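To start, I am sharing the structure in question, which I have written as structure tokens.
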Amino acid sequence: MRLYEFEGKSLFKKYEIPIPEGRTAAGINEVAQIVRELNKPVVIKAQVLTGGRGKAGGVKFADNADTAQSVAENLFNLKIKGYPVNLLLVEPKYEIKREFYIGVTIDRANYKLVVVASGEGGVDIEETAEKHPEKIVKKTLSVQQELYTFEALEIAKQIGITSEHLKTVARIIVNLYLMFKATDAKLVEINPLVLTADNQLIAADSRVSLDDDALFRHPELKAMGIEKRHEEGEMTSREKQATEWGIPYLDLDGDIGMFPGGAGFGIMGNDFIHYYGGQPANFMDSGGGPSPERIAKMLVLLDENPDVKAIFGARFGGISRCDDFAKGVVMFLKEHGLSKPIVMRMTGNMWQEGVKIFQDAKNENPELFEKVEFHGIETPIEEISRRAVELAGMKGGN
Amino acid sequence: MRLYEFEGKSLFKKYEIPIPEGRTAAGINEVAQIVRELNKPVVIKAQVLTGGRGKAGGVKFADNADTAQSVAENLFNLKIKGYPVNLLLVEPKYEIKREFYIGVTIDRANYKLVVVASGEGGVDIEETAEKHPEKIVKKTLSVQQELYTFEALEIAKQIGITSEHLKTVARIIVNLYLMFKATDAKLVEINPLVLTADNQLIAADSRVSLDDDALFRHPELKAMGIEKRHEEGEMTSREKQATEWGIPYLDLDGDIGMFPGGAGFGIMGNDFIHYYGGQPANFMDSGGGPSPERIAKMLVLLDENPDVKAIFGARFGGISRCDDFAKGVVMFLKEHGLSKPIVMRMTGNMWQEGVKIFQDAKNENPELFEKVEFHGIETPIEEISRRAVELAGMKGGN
Amino acid sequence: MAILVDKNSRVMVQGITGGTGQFHARRMIEYGTRVVGGTSPGKGGQKVMDCPVFDTVAECVKETGADVSVVFLPAVAVKEAAIEAIRAGIKFLVVIPEHIPIHDMLHIREEAVRGGTIVIGGNTAGIITPGQANLGIMPDIAFAPGRVGTVSRSGSITYYVADTLTRTGYGESTCVGLGGDPVLGSTFDEILLKFEADDQTKAVVMTGEIGGVYEERACTVIPKMKTPVLAMIGGIFAPPGKRMGHAGAIVEGKMGTAKEKLEMLADAGAHPCRTFKDIPETLKKLGV
Amino acid sequence: MAILVDKNSRVMVQGITGGTGQFHARRMIEYGTRVVGGTSPGKGGQKVMDCPVFDTVAECVKETGADVSVVFLPAVAVKEAAIEAIRAGIKFLVVIPEHIPIHDMLHIREEAVRGGTIVIGGNTAGIITPGQANLGIMPDIAFAPGRVGTVSRSGSITYYVADTLTRTGYGESTCVGLGGDPVLGSTFDEILLKFEADDQTKAVVMTGEIGGVYEERACTVIPKMKTPVLAMIGGIFAPPGKRMGHAGAIVEGKMGTAKEKLEMLADAGAHPCRTFKDIPETLKKLGV
């Protein structure tokens, strides 16, 4: 999960990495007020959970409160990669002598932590990495290792930090590494770390991504207002609802509601729909061993999405038992009712029990199953995919 | 530095080790009030920084507020190994089924941390260790290692914890180890860890000793009110004064003020005084590279001690330069004045410079040096020791 | 033969008394897996399905000779459970739970390398050597003994692939679930080399997906393998995987889209497949 | 010969630009010690007494061939400084500062053993091989080349002992300050064995004190030594050392009073001395 720039910076501050004395504002009057209090030229930055903000016009300067107000108005009306701008960060504008890059991340393929640094920070760092790999310094560490000051000094020297700033930058690198470990981060970046005209070193931007799965052991982050969210972009209201219910869910642009079992087939099933000419309306995963209640909620998400024209269901019972799956579907049919056609296939663990649950429920209330096409192990999954695309394409299929 | 029982227990609580719901009281009315609020039989325990409290009558029981009040009165009048009782800890009295022992300490000779546990806790644990070593479980760890729950489980099983309490005790052991590392402790002990009649596990007593030299990195301890103090007993007012001035100092029973250079000769010099029939009034160490100001303060401590009849001074200039030493002595003579006879020997680093400082000062103000006998490298230290004893024994030496 | 587990494996279950652990221990035993015991601290001395329960893995290993362990515990407990198993001498460890903190997995991997233990997961459906041993949460229905090995990031994909192989008469030598978490105990290349060394395995189907870093490692070993490798990648039509900032790009290189991964695997000599139907067709062409 | 340092030792100073570091570096050089450089982060490129200053120990070792380092830094910085030196290949490290946190010293000792570095201190006055090298804060005045080695917990005691040896014509081979902190980089037994292996050293004076645990370790090697050992212990008349609670008694055994320590050393074959005057008398008796 990605943090907003201002959230990342508040973590920097906690770990004694110097940041600009900025504040966030949700409205233009607030922006003007902050500029009046700072009483100096400012930079105003859109707070969005995506990259490429600068190139999209999300970072602007202003010399006084009046111009700041009109700049802010423009920013609030901006969309960056489709995401609205609801919050601005207002900071003093610095005269910059030099820009450095410092980051810590995980080399997953080699199971190591890596400190990355460069004397040429800024937006073109990836290009630098590709064209001038010699300008990038990497230090690999075990997750159980400390980063010592003398190691950070070596990194700082290698990226061309001069004597005067050596100890300061080494301290920043050590603190960034401490923060990375203490917050269970996947990525922390200061880009750029700027050397200002008056010889201050300041983290001018932050990029921080934390491990959702480790949040449980960081109540201090929750106390700071940092909660689960996407790696990129804010959640839609449906995604927020799904998260509340504990269901991994992503909205897409299509019209076929995807109701798969397992994250793996959740991804590949979408490919299958594409192969047969359809467009999925979502990604979804049931999570391990979902209860009937969660299965029912998954269907609620799809049925109440006006864009969904048909639902594709597939369950290969592993840890997700087919009997629980069937119970959940029946619960949904009884308590909520189905307004879209659904085609489903079920096999795997306890699938016979699942079939029996379906049959019993259908015998009892045949009308509940009017829009339900149920298949077993005998029908290939490719055929189910084809049928889902067909159902979505029917006029008045609803 | 040793902590009071109640301070150790407040650390236990922070590390989720269960403690009794007790409170401290500095007066008998307060004790009665606590007993009324607890509304059950209590144990009342003298808070002193020394061992053998139970045998000295420092732990008493009371069934109600009235008896508690008279018990408290007796306790406040008690002296335990000479230390007054200024604070009591009042806790509910538990019916005890069994007592365990759990401790963590440092095996300095082997440079390891050691978890020690026994199924037979209580005051006789050392006897158990000597007579039945098989009843003591030890687990040795590197200071860089974690103690895992499964390792704590093994320890708990080995001291006879039954299934029902295995996870609870393992958690207590892990937490005690975490606390040991996180507080830079030299020793943490739960003795006894009691199993009560209603099957609770509670740390009934605490023994915690922290590393003075690591206190600088534990502001949280300061915030709890835990500060530097002796390993045993409260400091005398002179010791507190010395600590404030940064001078390692201990009051003793004799009449020769010891003004040595270095902790090593600070200890051995005291032996020398004994060999010649004298009794030192103190231990003292100048610390590394003391300033003239500190040297002067060391003499103030001795000169203002009414028990001191003569002062023994010895300086072998190492990191403690003799010129600084001489400057400090002269500063003291000028600003404070000497009321006791002193015999001193000075050699080592910059000793010629020190001699010159003395000579110049003596030439300028001969009266300041009236009580000063100054020796150089030519006189053996044994002779200085002998002379100090002689000076202290003279009638009207003052 | 087979890889990693067979009928002689002495299997234990960490968390055997929990609801999920008990349910799947029962299934594993019913399948014929040689489950010799399990652990649940504080429940030592009890029995689950005739299997003795111990407080610690070390005790279980000592008393039962267990050499393989399957972990059914909450994610928060996995790090210590894995280290316990590795230190107790377990040689193959199957980590079923999902959502294990990434830093914990890095730690586990280091312990595993040091201890000489092979770990699969977290978030794996497990491993099955059909007819011999079924470790984890896989449904038996999909599997039959045979000559094709499978290795996949996903449980559900494993079932579909095995189902396809079973129905077309190839059957499976061993099916390995690498797991779906972002950092895994083992990588494709490591498992592919196990299959390469196995007589029974005549071909391997590897199924990866968008967003990981382990598919790329497979490309380093496929060119050296005699056993043919079939490759499927999920997420061909998904939006490109999100990169982990600049540092991710610098450290892990350009993270491929699913399409690029599939092309890279094909370049390394793997045979790409699109849907499950392609698998038997390709095997037939290869003469497996 | 001598032990640990001699005129060929290439000595560097960590913290060479600080007041204390500079003062003592100057003294060391004036004594004739081969000081080749020093470190002070952010001051690389400067010079102190013609010695080049570097930002890191690794650079200093690379450029100057330093193999011995003396640390003059605040206690809080010692852990990292020591690890830096050990990792940079320094083979002998002298830790002058006092009040180093005990847990830090445990960590340093582990790194030192792993890295094959001998550490003395913290809170040591240093080490001197008279006429060849003086590392630390010891005053030259007390020392002269000769045939008796000394090892002591205390700087001031070292001076008095050496002064005695010098005045009585024995002189010293090498004088080692173990340090006064509760946990030390080296122990009596380790240094005694170095002296035992040294041709120049005909006898060793070891001076311990109440309260430590390292005197006891000496008793394990003295019986095996050919070189006679003279022992003094400070604190004979001090109140008994405070034990570290029950755990201390259990782990470290009964911590001896100074008197008991001296008796234990005598039992092991050391020759006990009371005041400094006893030392030359004992040496004379031993025919050294």
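A few points about this structure:
As written, the chains take the letters A, B, C and D, and residue 1 is the first residue of each chain.
Everything below uses one rule, namely that a residue touches a chain if its C-beta (ideal position, glycine included) is under 8 Å from a C-beta of that chain, and two chains touch if they have at least 3 such contacts.
Keep in mind that what you see is a predicted model, and the values were worked out from it rather than measured.
When the C-beta pairs in contact are tallied for B-D and for B-C, the bigger tally goes to B-D.
Separating the CA-averaged centres of chain B and chain D is a span of 27 Å. One finds 54 Å separating the Cα centroids of chain A and chain B.
Our note on geometry: chain A versus chain D, Cα centroid distance of 57 Å, whole angstroms. Contacts between chains close into a ring here, every chain touching precisely two others.
The complete set of chain-chain contacts reads A-C, A-D, B-C, B-D.
On the side of chain D, the complex with chain A involves touching residues 41-45, 55-58, 80-81, 83-84, 87. Within the complex formed with chain C, the residues of chain A that make contact are 51, 101, 103-109, 111-114, 116, 125-126, 129, 136, 138, 142-144, 181, 184, 186-187, 189, 191, 207, 209, 211-214, 216-217, 231-232, 260-268, 270-272, 274-275, 283, 287-289, 316-319, 347-349, 351, 377, 380-382. If you check the complex, the residues on chain C that touch chain A are 20, 24, 27, 75-76, 96-104, 106-107, 109-110, 123, 125, 137-139, 141-142, 152-160, 163, 180-183, 187, 207, 209-210, 212-214, 216-217, 232, 234-238, 242, 244-252, 274-277. Per the touch definition, chain A reaches chain D in the complex via residues 148-150, 153-154, 157, 163-164, 166-167, 170.
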